[in-house]
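Alright, structures below, take your time with them.
Both complexes below contain chain A, partnered by chain B and then by chain C.
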Partner chain A sequence: MNPERTRALALIEQTAREVADAIARGDLPELRFPLRSLANVRYEPGGGFALGPATKTRSLSAGGARSFAQALRMMTLSHQMLRDDDFASKREAYYVSKNWGDCRFESQPESDEIIDDLEALVSREGLVREHLGFFPEEHAGSVVGMLTVVDTDPETGETVEVDCRALGRGAYSIPRSVEHLSFRTDAKFVLAIETGGMFQRLHSHRFWRSSECVLVEMGGVPTRAVRRFVRRLADEHALPVYCFVDCDPYGIANIYRTLKVGSGNAAHVSAAFSVPTARFLGVTPQDILDFGLQDATHPLVDVDVKRAHDALEHDPFFAAHPAWSAALQQMLAMGVRAEQQALAKWGLNFVLQEYLPRKLAAPEAFLP
Partner chain B sequence: MNPERTRALALIEQTAREVADAIARGDLPELRFPLRSLANVRYEPGGGFALGPATKTRSLSAGGARSFAQALRMMTLSHQMLRDDDFASKREAYYVSKNWGDCRFESQPESDEIIDDLEALVSREGLVREHLGFFPEEHAGSVVGMLTVVDTDPETGETVEVDCRALGRGAYSIPRSVEHLSFRTDAKFVLAIETGGMFQRLHSHRFWRSSECVLVEMGGVPTRAVRRFVRRLADEHALPVYCFVDCDPYGIANIYRTLKVGSGNAAHVSAAFSVPTARFLGVTPQDILDFGLQDATHPLVDVDVKRAHDALEHDPFFAAHPAWSAALQQMLAMGVRAEQQALAKWGLNFVLQEYLPRKLAAPEAFLP
Partner chain C sequence: MPLPSTAAVSHRAAARRVDAQMLARGQREISVSEFFQKNRHLLGFDSPARALLTVVKEAVDNALDACEEAGVLPDIGVEIEPVGADVFRVTVQDNGPGIVERQVGRIFAKLLYGSKFHALRQSRGQQGLGISAAGMYGQLTTGEPMRVLTRTSRRAPALEFLLSIDVAKNRPLVHRRSRVDWDVAHGTRVEIVLEGHHQHGQRSVAEYLRLTALANPHATIRYEDADGEHTTYPRTLRKRPPLPRRIAPHPHGVELGTLAAMLAQTRRRTLSGFLSHEFSRIGHKSAAAIVAAADRGLKGGTSPHALSREQTRALHRAMSTAKVSAPPTDCIVPIGEALLRRSLAARVDASFVTAVTRPPAVYRGNPFQVEVALAWGRATEGSPAADREHLAADSPARLFRFANRVPLLFQPGSCVTTQAVVDTNWHHYGVQQTKGALPIGPLAILLHVASVWVPFTSEAKEAIAAYPEIEHELHLALQECARRLQRHLGTVRQAHDRAVRRARIERFVPHVAAALQELLALDEAGRAAIVARLETALAADEGEDP
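For the complex of A and B:
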């Protein structure tokens, strides 16, 4: 068992012991969880979103008995999974409860709520949901390039090495939890790409070989596993991370911002699931001018404009970076957005032969 | 260049020559494409949807000049890609046109329409869009198990072998076109799985090793690349294909039906992008009773009921199979649906230890 799982197990046992002790003393037992709401969230420019000190309590009162029991049951499930080296998706955890009699959850938001509370609890110790055995359901993204992923066969315990340069036109599909992986790499940087089409283009042309990099297909807003995977590469191998997405408010304020600082409604895990060193390679509004893409743009629609204004007015990340405010204002003034595939206007491989080399020659100019 | 690409190239050249000859003769040149509409679609119980004999014509008339020129331009792009061993997503092809002056497309549906016409044209020769160099954008799904994928490095031409048993907890991410792949396998069957969570569970517990199979994560309705990948395994290695999805009208009438007979609005390629030998392992409405899942179900909502009635009344696949009509009627009578994760009610690994072994002991009982 890895050290984080051992610590998670100890935390569950300690919490359970406190409940047992309270009962033995004749006190009403209670479980105290960090409060997960925007009111209890801080933005730390160097790091990302972080949880404040406020807490909420589940106690064994008349009104709270069921939810108290459910929390203990969920801790028991986590404890079993950690001992058995097993895991469950949040959806599966919900279904497991169907055999809990009166404690069963009626809907998944109820069970998710308790899993999120448990995660907030262990986040105080630098742990995340995956360390408790709860995995996300979503597909996690793909990787190729100058990287060897070191894993173990969960059945035989043998070491398994996946050479991400030796997958043909295929790719390494990131598992739903990446905590147990380690890496060997002599890459110079990580390029995190929004669309599968662009990923396949750069991969098929062996851009990772000529540029000595790792390519990551995010496929839209990056999942927890993708962010954690990239974060670990950035931290443990000191790799710069460059983000290559569409020039639109979604690419910037959703995809890039989530990669860089995490998700606003999961601030208790942003520290682990964000890549604070990430920089924005493009496509920038200025690129539309610099690379002559004006006639390959699309007008901003209402939802784009709303998203840009939301970012400018309500998102502490953009408020903290004048360069970003200026870029979003420029996009609004131009009234257009451009997809990364728009570069194909100058030929299918313009992106490989011109755009990326020119941009990568001056990473210090990337947006923060 | 593989034989299919060579044939595609020859077809384009022949079509272009006919246009040139017509012009040389002083005739109005025209391009004739198969008509892609439901009126020109047949369902063949043994195979799937197939295109009928009707055609439509694009000619160099006053009203049709632009679309005629666009079709020729798109054929030229395909021709270039085939010679250069390159490819484009439909989105990229649209953007390439931005440099075509008056021939440029104003919106992607226009360019998709022409690509689909070209595909329908070459489908008469058993070819598909991928053979023309046009790849889908979408993420294609993941694979693990008793399979070695044989590919070539597109840059060096070296043979690359990916052992899908040696990827740790990760997986092989299927590329967007699989025509160039070949396979080595001693698997007994292919299990095509709807959800990523279930795929990760079976993979982490090495179900593919104990059951000697290949696991495919479809992640919802299978993409063209997934269907083609599975089809090639079924055809070239005589592997039975079993489908494991949620027991709901979407899992049955969308995911499974698309895997088995193809997509109704792309009948011209169903022959290549379907798996006619696929069988439905589960979850069936009867499984809800046989495996005691009643209290882990959800009531059918309006969209479920509508989808089931649509399938029963309008889909020739279900009309052709009384066992399917009966199963859908049973679901409607029960008024509930069940997800594959609902099996977790009996423990996280009930699916591995009980459900799948019991089902796999009698594949002849699978729904058609």
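For the complex of A and C:
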């Protein structure tokens, strides 16, 4: 069992002990969880989103007895999974609860809520929900390049090494939880790519070999596993992370922002899941001009404009980075957006022969 | 003899009628018997069903009054016997003091003869109309005379009378008078044969007797109905209520017609003597002041018999505005809060009963006292007390109206008691109500107005007139009852909420214990200890002793 799981077990037992002690004193017990509402979310320019000190209480009261008991039940499930080295998706945890009688959840958002509370609780100790045995459901990204992933066979416990250069046209699929992985790499940087098409093009042309990098396919907003995977590469192997997404408010304010600083809605995990060192390679609004893509753009639609205004007015990330505010303003002024694939206007391989080399020549010019 | 007006008709109308009669005075004795023969609806004989009930009611009222005056715990027997198609013999027997021989004819067969008229006292009958009118109704519809059996003591013989009324002369006709064997120590038995209709339900004789027993817990009432079914309402209280004290009329309350009658009948030789002796709160000084204020040539020494119609009116006006103290109020005997609560609880299936007896008050010189009892029903039907009425949660409040312990079954809409209930803002006390209607809920309200002179809206004595003073007192009593109900409902709700809350929490105690057992690897004793501790903590939290 890895040290994080041991710490998670101890944390659960300690919490249970506190509850039992309160009962022994004759008190009605309660559980305190960090408050996850936006009112308790702070943006720290260095570290991204984080939870403030406010807490909420689940207690053995008329309104709270059910969720109090459910939280304890959920802790029991986590405890069992950690002891048995097992895991459950949020959806599976929801179905496990169907066997809990009065404590069963009526819908998955209810059980997700309790799991998120438990995660917020252990996040104070630097742990995440994967450490408790709860794995995400969603499909994680793919990886190729100058990297060897060291895993174990869950059945035999034997070490398994995956050489991400030797996967042919396929790619390594990031598992739902990456906590147990370790890496060997001599790559120079990580390139996190929004779309599967672009990933496939760069992979086919062995861009990772020529540029000595690791390619990660995010497939839209990166999942927890992708973000954690990239974060660990960045942390443990001091790799710069460059982000390559569409030039539109979604690519910038959602995909890139989430990868770099996390999100207000999941502030309790930002510390573990964000990649604060990430930089924005492109496509930038300025790239549209610099690379002559004006006639390969699309006009901004209402939802784009609204998203850009929201980011400018409410997102502390943009408030903290004037360069980003300027870039968004520029996009709004131009009134257009451009996809990664727009570079194909100059030829299918323009992106790896011209665009990326030119950009990578001056990483200090990347947007923060 | 002039016809006394009552609050039955509006005062102006009463004055008009009395004027006409005063004109006729001295020319010919007005036959009230004749008058009522033509206006029998005024007395409650307008339909066969009501007539039957009215006859029972008048006889029972008289019987109870007689027993109380004599200081006897009443034992009343009522029997309705069918003797033909829609013809019944009503028999009412009491264990009262009996009636001396020379009075029998006048009591039963001469309208407006009674002991209850000039000296005011809280009693069931007030005008001396009821029983003779009942007899007359029987006589008119069947031709049968009234049979009266009475005995004043074991030493005296029992006497039997067959009586009818000479309608033209308002005079008793005695058809037979004989000594008979009767196996009672003292008492009176009245038999009237009449055309009537026997009915069941809320306006039946049975309901009337049942409610009478409710308001008179010191009486035993036995009833045999037209189907031969026997019912007994046994006394639940062995103590007689104190006998209400007799008081002289108060100058503010006397009606013009009554004053005229009193002037005509008094034995006093001077107006001053008449006023100071036959009215309460008038001394020689205030008598002189009243005579002076009346003016019209009246002197203290004027003979009471010599007043003209105009002088009588002037005197009446002067009396009604005279500065005299309020009448004594210790002459009213209420049923009392404890008995009201008990009686109402015996009648309806209630989870909460409260009662308020207001202090006595005065309207137009007449002392009166108001009592209200209120019951809130049990939630579920089919309680063990099957003889008690279930109060439905979605129906209007059930009202039980009483005047001087006599149940009022008719004309609820024109009665001040109903009006007071409707005018109370029940919403304010957490009870549903549509504006201008009775409150909705499992609610029963008993209202009792006791007075030396209850202002009925008609001679049939079915509804009480809306004097502001009476309405005000009813409101105060209703509001106090409603406040108590509100408190009770609040307490019930809180207790219920607490119990619900606790039950909601308790469901999860086993889960908490099981989870902690697993997380902390506790043994069975450890788990049980957690359950026990939590139960204790929850009980303490609910504010109970564990």
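Definition applied: the second predicted complex is superposed on the first by the 368 of 368 C-alpha atoms of A that agree within 3 Å, B and C clash if a C-alpha of one lies under 4 Å from a C-alpha of the other, contacts with A are read in each partner's own complex, and residues count from 1 in each chain.
Throughout what follows, contacts are C-beta pairs under 8 Å (C-beta built on N, C-alpha and C of every residue); 3 or more make two chains touch, one makes a residue touch a chain.
Nothing here was measured: the structure is a model prediction, and the numbers come from that model.
Model built by superposing both complexes on chain A: chain B and chain C fit together without a clash. By the touch criterion defined above, A:Leu28 reaches chain C but does not reach chain B.
In the superposition on chain A, A:Gly101 makes contact with chain C only, while chain B stays out of contact range.
Once chain A of one complex is fitted onto chain A of the other, the partner contacts of A:Leu332 are absent, as it touches neither chain B nor chain C. In the superposed pair of complexes, A:Asn349 makes contact with chain B only, with no contact to chain C. Look at A:Phe135: by the touch rule set out above, it reaches chain B but stays clear of chain C.
Between chain B and chain C, B contacts the larger number of chain A residues.
Using the contact criterion defined above for the overlaid structures, shared-chain residue A:Ala319 touches neither chain B nor chain C, since it reaches no partner. When the shared chain is aligned, chain C comes close enough to touch A:Arg73, but chain B does not.
Once chain A of one complex is fitted onto chain A of the other, the partner contacts of A:Val160 are limited to chain B, with no touch recorded for chain C. For the combined arrangement built by superposing the two complexes, chain A sits at the apex of an angle of 100 degrees to chain B and chain C, based on C-alpha centres and given in steps of 10.
With both structures placed on the common chain, the touch criterion links A:Val19 to chain C but leaves chain B unconnected.
The minimum CA-CA separation between chain B and chain C in the overlaid arrangement is 16 Å, rounded to the whole angstrom.
Of the residues of chain A, not a single one touches chain B in one of the two structures and chain C in the other.
The touching residues of chain A, counted against chain C in their complex, run 12-13, 16-17, 19-20, 23-24, 26-29, 60-62, 65-66, 68-69, 72-73, 75-76, 79, 100-103. Residues 81, 86-89, 91-93, 95-96, 98-99, 104, 135, 137-140, 142, 149, 151-155, 160, 162, 166-177, 180-181, 195-197, 200-201, 204-206, 209, 217, 219, 295-296, 339, 341-349 of chain B are the ones that touch chain A when the two sit in their complex. Put simply, chain C touches chain A in their complex at residues 500-502, 504-505, 507-509, 511-512, 515-516, 518-520, 522, 529-530, 533-534, 536-538, 540-541.
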